[in-house]
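Supplied in structure tokens, the structure appears directly below.
Every chain is named by a letter (A, B, C and D) in the order it is written, and numbering of its residues begins at 1.
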């Protein structure tokens, strides 16, 4: 008996199969790019519509307002991106943001440097505590940072007479940082741009950045490959804490005081921005560019709702929620396309 | 639990991790007995039970969702939606109002479930959408108006007694039993835990994973809507902008402090009740001793950390 | 060069290593063997700083050593390929290869260009030609294993440790691996080699250490040790007992009833780029093998039939009834049971008990009005635990705490409990020890004899040849041949795969 | 169908009822003219006006406030009115206002969420000479320079009046508990200090034994009061820093089996529910905090743009409800 190979003509022939694979790989790449830049694509579309529909949107001032308003959320989302890339989450950023602002305003009486040092030290320390607990006790990031959310808010209230005392910014230099500008673009925006670029380089072009991806992709594998998993985790929470504190500080500089009634829900906004930006909540994949697009998208949407004017405050939230769902569903659909092909 | 006899300190640690919450409650109660006037009275106990009831009910649903390795941020918004609908339908009687609010729960749960099970969104993001939009919708429905509720049947639900125990507490206790029964004795419960343990495996084993997931989110939202209804009955007014605010965090805390891991595959129903009770007692103690919010918040943070540290999962492999 | 003296390691409830001493000499390929759960991987993890020993001492290059983390061991020149492929699937191939030791430019930033170039060059030497910028997870398992190997050998290692490196390699890749090992050997590098495939050990190892229940039961030159004696030492059974069994536990007799109507008929299965018009049928009592190299689409075929892989077109019929777009739910209802390839990720539910795992798929039958009946569950669990000889301290033990073989049996028990008509088995004996393997194989025989249709996927050619009555050979998602009757031999299988390859 | 259908309790009180009246300014009080402030005269009708609300229109005070601004604008024929709502997020309010300045509004009416933190807004507004009228809550800054004027109540004074009523109701002795507003809110701070100072002055025999936050919310007010009644069963008076918390407290009192009048309840705001509670005998007095800012705001703006001097601090007269007038004035409560 002969073998049954020839008996059946394989359909399609292997050459075509190979061509199919190549084609699939190409689609894969295109879809992958769109998926990664999905937030940017949506942002571009929304901005184009806004430009056409709202004359005010076009103004330079309005753009400046959007960017300056986006500065603190951008810093927080930047830190959150690192945290989420390792597969974690940081709920404490909203509280740290308020705490940072109060500390900066209080410390500004001792000068410009103190106004930065105080929030960075305290918020950084809370970040260290978050990181150590998460890395070394295997407690869930969600719950550790939830406790930090409460703790930091308590601390903020404790130093501000239960929130009733608002420290005014005493250092003029510090105040200028909040409202001054260079080339008509606020100092804050420059600072954020610098930090974002730094973050991008850190993530894409350093060993630490790759370690972040590896830890999020598979912590066990990373450990076995000789990556210092615990240390990487501690660092991302420290970064997140520092950035949240810094965001609070520059916001205090802008407002001229350590406002105590800020920041509720800030952490969820940051998470939403990161996820809209295409970063997987499970960690291991995502980009800072996506996060930027995510933050700006949320900012622009807010701006547009105001441009429409007179939208009932409650409808605003319905619109935001719906929009969030649509964007995330679109993202997921793109990712799925990619998996199947 | 492993029945393997291993006479090692590990057993003690395991016991501690399982009974940590109960121990903490015991300690807190002891403290209060000695240092808080009028603590050991029936009326005080009654108040604590009444206040904790809505959180327990929401936490039960949350525990189920967490058992499937999910999370539901939208519970507070569901409570608001339920609250918003009640005054609209109360004119037809209390039953109509209950049906309307529960249906709101079903609808939200269905949307959450579909987003998670079919679309494949991560639970935290899927439910974030309704967390943001749901309350807005609720306030839109009520035009932002707080509505007083005067229907005696509904008020009975919120502040009446049955055999000397508040109706609210009866309802919560009954729901605890139902959920405990659901988890321990029903096919649905076992499936839910299996999904939380290993979703791809459960899918390959031919279980209707999507249906179970959607059902879990519906159950969670319905429980939240019941909590919303009872809150309205208790406050005797419906305020969509305030009811259930931040309850998702209280509920998640109760579940986790009660020893249910966020990684799914296990649900501790009684632990969840204990977790809610512990947090309630902490807050009550703080209020009774007239402490400031800052102190209350910091103490809560520490207690959450300790409770979760003690109850945390030991890595087995 | 690397030795441990009197090392013990205890996990909650298990003594994984019990006063173990082990020595690796310079330039030696040292086999480490033992049943599942004997402690091989644990020993390796102790050697490389993943675990700290409870007591005993570690010596490296004649000096007392202590590795706090895998990184310490790496820096000292000990490089390891762990049992499960331990790379990061979401990162690119090049990034995986260089993770933690990426080339940097003068500014201290990573030099991506150089990294990609070097990665391409290095991997070409291992027969991996895929784009190094692709996500690692999109590569075939074998290719991933080769990347792990390249990574391990890349550093200037003095010792290379390999924990079951061949369990997911195809023959050609195994040959490449052996080439690498010989090369390392000639450069005087010490190698520790763990495998359940005894042939391989005799091909390349010099020395052997046998572990049983965490204790060393033998150590010495491999050539001095008869194969049968090795097995008996490993299993702790008498030689005579072991001798009776052949290479596999399959009877080899065809059980298929050639006249009967097929219980499973798959026709024209097509799915994007993975499967192209795959058709075959299985008759009751028949074991149909799916042959082919890694990546040929065997797993996809099986999953597609079980409803777990999306199909663009094609039909699946069970006993003549069309499934109409199979879903997992529908497939199980129709009597198809799938044992997936990746036991941990898609098979068992590690956090649930043996009892829950076995009963999982049949709960509706074991319950009334949605309420489960404990007595019915106990009955069925008892039945399968005895029948499959599942070793567990009790039905309530967590499946994750069982050894690999027993986990596999629990998984089979779950499938059998559904009362299937067809069993689809994907690598049922991968990574399980000789003893358990034999048990699983004879079980497959028994089941076929009882009239079940079985589809068997195995990368172990011997297992496929002895176990299957008929072998359908796949390549690149296309059926390239069917071996029947006397053609079912290793030579014919290889020829078919090769011929397909030349087409 | 709602419970109220058929009975139709009038939801919107006639616009004229309960209109704000400015307290007569003391002689020599600072005023501000358009020349002092800088900027140009213009006709309010065609001007672009922006209104920034701080909290969601989800409670009677905010609803009435926003509605009053909108109604008055409509009445005056101001067509170009933009409203925004910060949803209690301070940073959003800042960018809302900045955005309105960018879009060229010529008059800003702001209900600030917080009294501090307006530096960046003032910088922008003064560059464009946009006058800002802050309503209901004052901003800590320089009037007639950073902003034009403040129209609103004196919160400390409200607390003081509540204390007077409480002292009267309790017969100058007993134990009183305070349900504080949201922490960090300066309304809370002022209503607390005003109350405490006055109690210490007029009725030193009244002891303040308990202070816990109820976050200005009814449910929290109820919960805290329930705890309070357990730990301090001998309490004689409850001061709610807003009506919502006081109503929550009343529900708690009912639940604890107390009778109307057992515990004296005094609160601030003057919502319909609270005034009704006086009629029912559960509350003793309610100090009004009038939310109908529309007429006074636009009248002030009109005189300002018309070149007349306007006061830098326009404190409105808040009414008060007690057992004597509650029934009669119920209809004009909001």
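Criterion: a residue touches a chain if its C-beta (ideal position, glycine included) is under 8 Å from a C-beta of that chain, and two chains touch if they have at least 3 such contacts.
The model shown is predicted, which means the values in this text are computed figures rather than measured ones.
Among the remaining chains, those touching chain B as well as chain D are A.
The chains that touch both chain B and chain C are A. Averaging Cα coordinates per chain places chain A and chain B 29 Å apart. Taking each chain's centre as the mean of its C-alpha atoms, chain A lies 40 Å from chain C.
Taking each chain's centre as the mean of its C-alpha atoms, chain C lies 72 Å from chain D. Chain A and chain D have Cα centroids separated by 37 Å.
With touch defined as above, residues shared between interfaces to two or more other chains in chain A number as follows: 157, 162-163, 312, 314, 316-317.
In chain D, the positions touching at least two other chains are 56-58, 183. Contact of a single residue of chain C with at least two other chains is seen at no position.
Every pair of chains that touch is listed here: A-B, A-C, A-D, B-C, B-D. Chain D meets chain A in the complex at residues 53, 56-58, 81-85, 87-92, 94-96, 98-104, 113-120, 123, 140, 182-186, 188-189.
Every residue of chain A that touches chain B in the complex is listed here, in rising order: 89, 133, 137-140, 142-144, 146-151, 153-158, 162-163, 268, 271-272, 275, 281-282, 312, 314-322, 324-325, 328-329, 332-333, 336. For chain A in complex with chain D, the touching residues are 56, 59, 61-62, 64-66, 68-69, 72, 157, 160, 162-164, 166, 168-169, 175, 178-179, 251, 254-257, 259-262, 264-265, 302-303, 306-307, 309-310, 312-314, 316-317. Those residues of chain A that touch chain C in the complex are listed here as 1, 3-5, 7-8, 10-14, 17-18, 20-21, 24, 201, 204-207, 210-211, 213-214, 216-218, 220-228, 284-285, 340-341.
Those residues of chain B whose C-beta lies close enough to touch chain D in the complex are 36-39, 41, 43-44, 47, 50-51, 87-92, 139, 144-151, 159, 231, 234-237, 239-243, 245, 284, 287-288, 290, 293.
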